């Protein structure tokens, strides 16, 4: 931590800043410039409150030098995390392909899609049972019934299931029934929910919040990991910007940035990132090229009749086509589908 | 709802779009331009799924003409909502002044601040007991103990208390102990929590999400109101932008925009909007000038020792000063403190 | 300037960073933490290239401690700048009120509006002659003819005229004919234009770019001032965000932030900030409450027939009303219209 | 164009809106809903001013149905534009690879880099002579001398040269000396400059503005094309968002979106998009995967000594490596380097 003092602070001022921090077990390194004095704090500053320091009248600002995330930090855990889900690895050389409809609608629908996407190379089945909808008047998902249908699709295909949790009251059910628990973008900083899933050992697919910085996102992963659950998969799904041609703006740079900062696997959701089925293929390919560990894609047997998110869904035939191309891209990078 | 077809769609194309919507009880108005055909939908289109329509291959885009919020919409409820809390009115001509520390820290602290801010004109006491912190390693609040201390401060001063809820498991406690329940910015789209507070009758202070549009914010109010709780107070607290001089960017325009769209009261939080104590006064005054129904301000007896959010807190003396100025502004607009 | 080294850099690494900077006349203050070593640079670092330092393999990042703006910086020029234009002061206790139509359309129109706004208290007349339009097919302004009409309006009313320059080829004409030269938001970083107006002594109204930070804005003022022209007036006119209810988002905090950082006058444009005539009054009042030195407002005798920007224009009658209210607000702050 | 009237407008209101538009040669299609009446305008509405219509008291809003860009619109020009520069094609199956230093610094430097990048597969040489710098105190480029050095490098290598223009006064020189004229992000809406380069026949590399929408970007291309110059190459270089880990956020979706909307070639600048040399490779690969027609990459023989933008430059050796990988990606898409 570095404390930059206001211009022309006297020696007494410097002394008073330092004495206000005497209770911490740290030492101080004072650097007097022509205009500005800087105090470097040496030692463990984690107990120190940056904001309190900033209220000191002699202090101009406080700069944090070390990253606030620990367990998710690659510096302290250089190897990639690889998560095993029913024998399938997330974060290894094989890409993780998660596919399925926005909402589970019926047994026929989910089982038919599951079989189709499995054939094309998907290794996980996704499908919404509890749906976060902007409007209280919109379809909210089949809820518990949806989970049952997902389980049937898993029985038929062997694909592990990925679905979103919205309530802490359902954690036991999800722990028992679901293979990967998804935390949606709107709940990325629902700290109560993060703490609860941190108490389980289930793999957690943590979507990035619509306007969350990469650092905040890693801090939310940190909440889960600090609770004792190291199995976090990050999912970039587009951020909110001023551009209106796409629903969100896929932050493709986030993939290599996170690969540098953290050891956690990162996958990309090109369907939600853009809201447009035509953009799924180019963005899925770009994600693999940029180093993503996998993709999560909305596939619907009949997008025009989907109960939600039709425009961003693709058909199983289109999905099959995309998988073939992605396999070629993966190969260049020494990976497989 | 208006459906804009792709250029040069044939009559058969137009017919096929219409027949795909035959099951709804609506009529159609077709408008053929030189390039583009437009279908106007007449009747109740609320059951219709915009996104499904957009997947139709003849459709270029679908435009929503009517606003999706109903219960919070001023068109259907022209008078201002006025909410009564222990005899104090929110949304009337008298401004609502909510003040207190970021976190409840001790009985002395909260009671002392409560007495101070009451003297200066505050009508509600705020204080965090359960704190949403970006880092799991940061102070998380005194939790249940904090609520007890708030109750003590209420006993001493008579000020109704406002504090944030983060978990649905605490709703009964909050219903019993707290006068206005706050939903924080990060939980604005925690739909599970919104539904639950919608089942109570408690006034809900709904903070705007960091990157939520005004329409999404009103839709979150709609979740609470659709559940049966009409007592929603909106709180603008700054949105996330590229500017880094302030923690967030106060969207001052949101106040008159919401006053036009909705009948709900709107207050402003200048402390969180900027993260800087020096900006509290000018922004509080601007809020009143722009038509806000009140302000919520962080006040701490010793900001340099606050356990969180020190830099944005002001002292009781500064608060007193600001209140005097705000009273003058209010008077111009025919309001009082 | 502070150089933060990568974790665990050896003494040789530290030495190599320092020796790469030996050619500058600065001294070094080394602060070794448990993990991280920090080098404080003492002396004049202005010749040093931050980006080159960052490419050094031992360097994690470089932090700039001092602000890059000098001539516009309040630290080196504590008193407010007050600019005299034909006897009218900008930046003093009297508010600057600039009013007029988006575009000059005819002699009748501009003279009629000029007389109206003068009567209501405006001290400057604005009107576009050369118009920056997003589309090449839209009305581009009356150009040179527009300037002539503005001059006629000045002759009739005595109001100094404010109008936008878009081309360096017109600088001589503007110097001769115009009283305050406006640089539009889209040209805020047209450095060629900034340099040229910096060679004149004319007051320059520098609008903030749509997505420019406050620091970049001050750096553009710095371009003008470094050229020898100290007469810069800053104009906040809304920034680009995700919100769509308003055309832009007025950054009301920018006013007190700039008042802290700089000695230059700041005015607010509520018309362009929102694109809505209904929002002009509340935002103009908020601007005065937040400490602005004035406002610039679009007024048109017949907004429905304006050749551009109709929806954000107000009529002279509405303008008159707003002026009366603003006068009350100004009085509270010890200012006048 | 569609006019949505306010709720419950009477027949007289509808009639008055229509009669206000009688002077245009258009017909009207009225669609009365239960709440809202909509007027569809049939015919050529290009002369009609949307904003004037919106000031009509009966009008709620006006929706534009057709895209405002014409000459750059793929609907009216379905084939891809391919631009020939000294025998090299931009926009064909062969990728365009533009490489070189941020700034031209010396004859040795530019010629050495040019020979290196040519060897690795670059087909164009870039290098800044006139530099747009945020600070007036920063190095502004070698200016005219820089252009001379670029010409020498072209003589030695045969690579056409790409460099930025900042002033209309230099257009004749650039027309004579430079092969592709770059318009920088900060000048994307410098309409004076756009009009001037529109009068030449030179290929124009038009960078996207920091906060420009895709539509605004195409409208700036339209300015150039409307002037008579069809040779526009679009360059995505990152947009401004709240994220701070990268200098800007590369909008990878913009590539397929533009490929859908327009026939113009699109290239990507991964160096400026991120400001980080480590991110150049993943983003260059992602760009090719997403369908870009090429990339523009900063290469410097000694990034640590570059006079500007060091941290985002890569060495010729790294560039060579990236080219080999990009060639593999291009092959999958049926393209070559």
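A, B, C and D are the chain letters, set down in written order, and residue numbers restart from 1 in every chain.
Just so it is clear, a residue touches a chain if its C-beta (ideal position, glycine included) is under 8 Å from a C-beta of that chain, and two chains touch if they have at least 3 such contacts.
Because the structure is a prediction, the values reported are computed rather than measured.
Looking at chain B and chain C, the chains that touch each of them are A, D. Each of A-D and A-C has its own count of C-beta contacts, and the greater count is at A-D.
Centre-to-centre separation of chain A and chain B, using mean CA positions: 26 Å. Here the spacing of chain A and chain C, counted between their Cα centres, is 39 Å. Centroids built from CA atoms put chain D at 31 Å from chain A.
Listed for chain C are residues 211, 240-242, 244, each touching two or more other chains.
The touching residues of chain B, counted against chain C in their complex, run 211, 213-215, 239, 241-246, 249-257, 260, 273-274, 278-279, 282-283, 285-291, 325, 328-329, 332.
In the complex of the two chains, the chain B residues touching chain D come out as 2, 4, 7, 29-36, 38, 40-44, 63, 65-66, 75, 211, 240-242, 244.
On chain A, the positions that touch chain B within their shared complex are 20, 46, 49, 51-52, 54-56, 68, 70, 132-137, 166-169, 186-187, 189-193, 195, 210-211, 216, 219, 222-223, 226-227, 240, 277, 303-311, 313.
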